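What follows is a pair of complexes built around chain A, which joins chain B in one and chain C in the other.
So, the complex of A and B:
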């Protein structure tokens, strides 16, 4: 099976939308856990060590959500303690944990998607539907790495000029603010220049056709079919009540004994992208060592 | 493609194994587990002669006591004393044995061996049996004549005993409408109330034991008195379930005396108390028997006695401080659930009011301290551990820890089931909570009288009522802008878009938020769940 990166751009878009949609609609512990772990694995497989900060962000997000939710929502039967006469419940904590985990999973999957979807792929997928928004999206997504690189260069320049010292948290926070101010004015200017240059190339004049070297292979159809069918099956089965999990008023798994099959199916579609990616990486390594 | 399929199957198998089942851990489950049975049903089926109390405790679990009758037949020559014959006969009746056999076993035992034989004789009468030698009315007269001057009862001698008094009350509850019973019960209740210790427990037969507390709970619940709210049986903020909780071990079992370790008899009786509280208002000893072939005359007498029971309930409830407007089994059940949850929860000492809260604060602070230590370790590893960095880290964690110290944190065990201690009561107000549109939640809290402090609002009273009645609340907002989203887990908008909680003061809907309405002495507050946005408070008062 081809990796998502080397497939037709529609494949990763459909796959990741289906995974995250299911995670958001069916918030059951096993599914949330597999979405989170599968997302983290996929993201790490694509970005390697450069994704360290995303892991930290996700961890913070999950813990913040787990702490804040019981303070806001007091539903649940298992009262841990009472805070100013308001019950803090185990169930509410678990819901917070689950919400945070779903958010983190979405961040991971879309983080991976932005690594896969280069601007030409984006234009290929959305260009026919809405060329303007596709261009905007591609331009906006381009800005993320661009801003990172530019801020590093501003930082280095200021350090060389003696304006930036990396002594401690307080001074580096102050200096980061300076860098940020410089970065914003540059970004605005750069945005205008980019827009002008795109207009000069005739991007705003009528319909355009795109050349795209992305044929539809059998493998892409398999990707899209697996994900659409299983997401549809999982969401309908959950809506019908074939499996599920109730958080309120008490944590309670619902549905038939074979609901484990649904969880297994979802875990499979969550881990499949990362597994294929790792398989390809391993094969690449193996082939090199043979030469 | 093949490999990906293999991967999918591997994941499938892994998750199928990983899916586990939930297991509950109540008192009945503990008894079954410790006897080596997986379920309560299996345990009930194994019960034999000598385990009558377990049969009584599990009588309402709907289980099949398959072995008891055979076991009793095998040991029938050991059953000699009148009280034991009566006890075995009652257990036999619960097991669904032939009425003739039950009758033959208990024949001539009523009143033949002092007060206990009278009490068990009355229990048998309440379950449809008739003694030729002694009718129930004669036994009741005997029982009342055995009452001592201070209102209590004793096996022998002139010193009243808590256990015997409680058991006598349990028998009286079944025949509450009979002449002189109400007055006698009132005196016995006064004796029990007077005998209760500061920690909520009792001294019986020379030592403080959990069984006495269990027996008193059964007696009060049979009479329709809610021991969690009745002021006569709350001493120093400790009610009977608090006292019983002190003997609870973590696994659902109970001790005989404090620190004495698990005791089977104590556990079985505590289970009886839990069961009795679940059917608050109905006599514990009046079981729903499914006797297969009884005479028509007996059927009639049972119907009569149950009709008597019906009217007895009403008058039995009259002597409690809080008058239940109507019998609501579902509501009692839900409250008993919280009560039993409290019992099976961690066995913390009931005397230490804020002990649980301090422990929780300490746990949170320890977690924060561990996180701070971890953050500093990261700084050291990254060679960024200079003075200012460490200061900033510590400041962030101190800012997180400060609210924990100043917030009012109370453990659930210490919170529910008792009124907040008030230094100076400014007056009294009545509060009732109803959700008429919700099945089984008609009456969440009957009309209850509560004291309040100067400047207290309707919201403060609601919090107090929720505390006393162990009713979970969900509110949002703060200060004067408090909004009640749910009472007893019935949420706004859960029963239609216009559903939600409204309140009235003295039958008039108030125009301000509940946290803005200051209470006046004698105010009658009614909380009502409306399902269509139309405020029908007050209309239910008369129905």
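So, the complex of A and C:
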């Protein structure tokens, strides 16, 4: 199987939405644990050592949620101890832990998604939905850095001409305002030439096709199919009570004996992205060792 | 076969009485390379825009433009967009999208070409233009030359019948400009693509053109062979004909007019004696201590980046015009910015009038001391009219060494490149600088404005200022500088009085110097060559 990074941009978007959606709708301990660990593994596989801060953030989030929830919510039958005459329960603590873990899992998966989705991949997904707005977005993405660079250059030039002194707040605000107005006229001026260039190349209000360097391949369809079907199955099965878990009033697993199969399925789709990533890395190592 | 036919074309802008294009008729054969010449304001740009329906300005138009036997006005929108390719002057502003591949596909997307076909055309075009290495990059990361090449490619990907270019290289450095022109020539020869180009840089375009058209005040003054155009208009300075042709005419040559350095060399060596080989130039004595001095200066943009300035040693004196030359990335602009206090060197010293630059505090550096004009002079303007600009900087228009009275009420952005440079210069002069730093002041200027700039700089130097110019324009440096410095890899590789500097360089030099290398010793401008030819006299048996 091809890694999500090398797939059509729709594949990672669909897969990660499906995983996180299921994690949010079916908050059962085994599944939450799979989502958290699978997400952490995938994120680490993509970002390597540069992801340290995210791990710290997630750890803080889970601990905070586990500590704060029992202080606010006093449901649950198993009282651990009393604080200010209020009961602190095991169930409430577990719910806090689970909520924090789901949030952390979402952060990991979407963190991984932003590593995969460069601006042109994002535009591609967007462009399939609405070609017009994708073009607008592309133009804006190009224009914003231009604007920033121009404003820096204007400030430098004004300084070198002795007209832009760093002084009190009032005069510096005045200066900024002048630069801003010059920037606006520059942007308009610029826009006229760009509009000419667009018209010269046949741009009009009519329909247009949308080209992208990302073809749809069989592998992409497989990714999307596996994740859509699995998520649909897991969510429906949970809704009709085929498996589940109750936190209140007491921690209690629910559903048939084969609910383990659902847990296994979810664990599989959580770990698959990381596994494929690792397989790829291993293949590279192997190839390099042969050179 | 005739591809383009223009009959009795006249045009006047909506608000003006005078015709910008006046009764123009000519035709272009398929595969012809046409150079359109004429001074600024002769109607070149307007004429070119009339050929592209989408870009026609507002006004009254009479006459017809026929492409492939059909009137352009009757084309469907798709055909009109596809058949006539148009490349404009500004590399940056023509680009629409943020990625190179998307920019290439833009036109085809508009024509509703199927995705599979776009893939093929974009790929083959990227290969032909050598854009494959930058295909996935952000356009913001490209150099000016690459951007203009991308503009050309994204027009050519639509497979136009005819390609029109309006001063495409005026914003590029000479090396990128040469590459651009040679790509055009290659397309013309290999694909028999019809090209109509208007250019200031006739030195390179004229030798490869099949036909030259000279416009004067909206009328066709000449239409025929480039050689004949060069012979006829080389005495006319506003036309900016190649140096070889100018020398030929001024020395009273007869026969075929030379239009490139090789032909020029053949003409000079064949027709003249060379018993006097060099021009006597008085060696200038520097006045006092240097006004600006770099000693062992090092600079980096980032800690891990390579040195942009590496052990730079440079001196500029009062009363002199110092030109800093060098390729892209040689540290020219960086050096200038460091001298203007905009970049801090991490090792070494920069002294302004003997005092370290760090000792100028609270903007003292910019009061009657240093002023700098950047490459992008537009950044000097913040107001709506030239008058307000000048009042803002406390500049008195009547005390300027040049006249701005005609453009006082105009918006600074509406000015031509040359006028913009003059207004920015006026703002810089308002601080009464003793050191004036100029970055690429000749970019996009026509010969008239270049000449004016030369005399302004000369005047400033005579009044005791030190002028330091960073430029790619070797011809300008040869005619205007007292001292030239060649930067290479962030340090000064060569430095000397202009005559010696260019006389000593074999490649990085003016076309007049290339033309007479080994024949005369230090002739670096067309004037020098003419003076030496006159002094030596013609060969007795020669042509």
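To be clear about the criterion, the second predicted complex is superposed on the first by the 209 of 291 C-alpha atoms of A that agree within 3 Å, B and C clash if a C-alpha of one lies under 4 Å from a C-alpha of the other, contacts with A are read in each partner's own complex, and residues count from 1 in each chain.
Criterion: a residue touches a chain if its C-beta (ideal position, glycine included) is under 8 Å from a C-beta of that chain, and two chains touch if they have at least 3 such contacts.
Because the structure is predicted, anything quoted here is derived from the model rather than measured.
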Report task. Figure out whether A:264 sits in contact with chain B (first) or chain C (second), or with both, or with neither. Result -> first
Query raised in the report: Where does A:74 make contact in the superposed view: on chain B (first), on chain C (second), on both, or on neither?
Result: first
Report task. Check the residue A:202 against both partner chains and state whether it touches chain B (first), chain C (second), both, or neither. Result -> second
Report task. Based on the superposed arrangement, let me know which partner A:48 touches: chain B (first), chain C (second), both, or neither? Result -> neither
Requested in this report: Mind working out whether A:146 is in touch with chain B, chain C, both or neither, as first, second, both or neither?
Outcome: second
Requested in this report: Check whether A:160 is in contact with chain B, with chain C, with both or with neither, and answer first, second, both or neither.
Outcome: second
Query raised in the report: Counting only touches as set out at the top, which of chain B and chain C does A:193 meet: first, second, both, neither?
Result: second
**Report entry** Interfacial residue positions of chain B with respect to chain A in the complex
**Finding:** 1, 3-4, 7-8, 11-16, 18-19, 21-22, 341, 356-357, 360, 384, 386-389, 392-393, 407-412, 415-416, 463, 472-476, 486, 489, 491
Report task. In the complex, go through chain A and note every residue touching chain C. Result -> 119-120, 123, 131, 135, 138-139, 141-142, 145-146, 150, 153-154, 156-163, 165-166, 178-179, 181-182, 185-186, 189-190, 193-194, 196-204, 207-213
Requested in this report: Under the touch definition given earlier, write down the residues of chain A that touch chain B in their complex.
Outcome: 1, 30, 34, 72-75, 77, 79-87, 167-171, 222, 248-249, 251-253, 259-261, 263-265, 267-268, 271-272, 275-276, 279
Report summary line: In the complex, chain C touches chain A at residues 52, 54-55, 77-78, 80-82, 86, 88, 90, 92-99, 101-102, 105-115, 118-119, 122, 136, 138-140, 151, 154-155, 158, 337, 340-342, 362-363, 366-367, 370-374, 376, 378-382, 392-393, 411, 413, 427-428, 431, 437
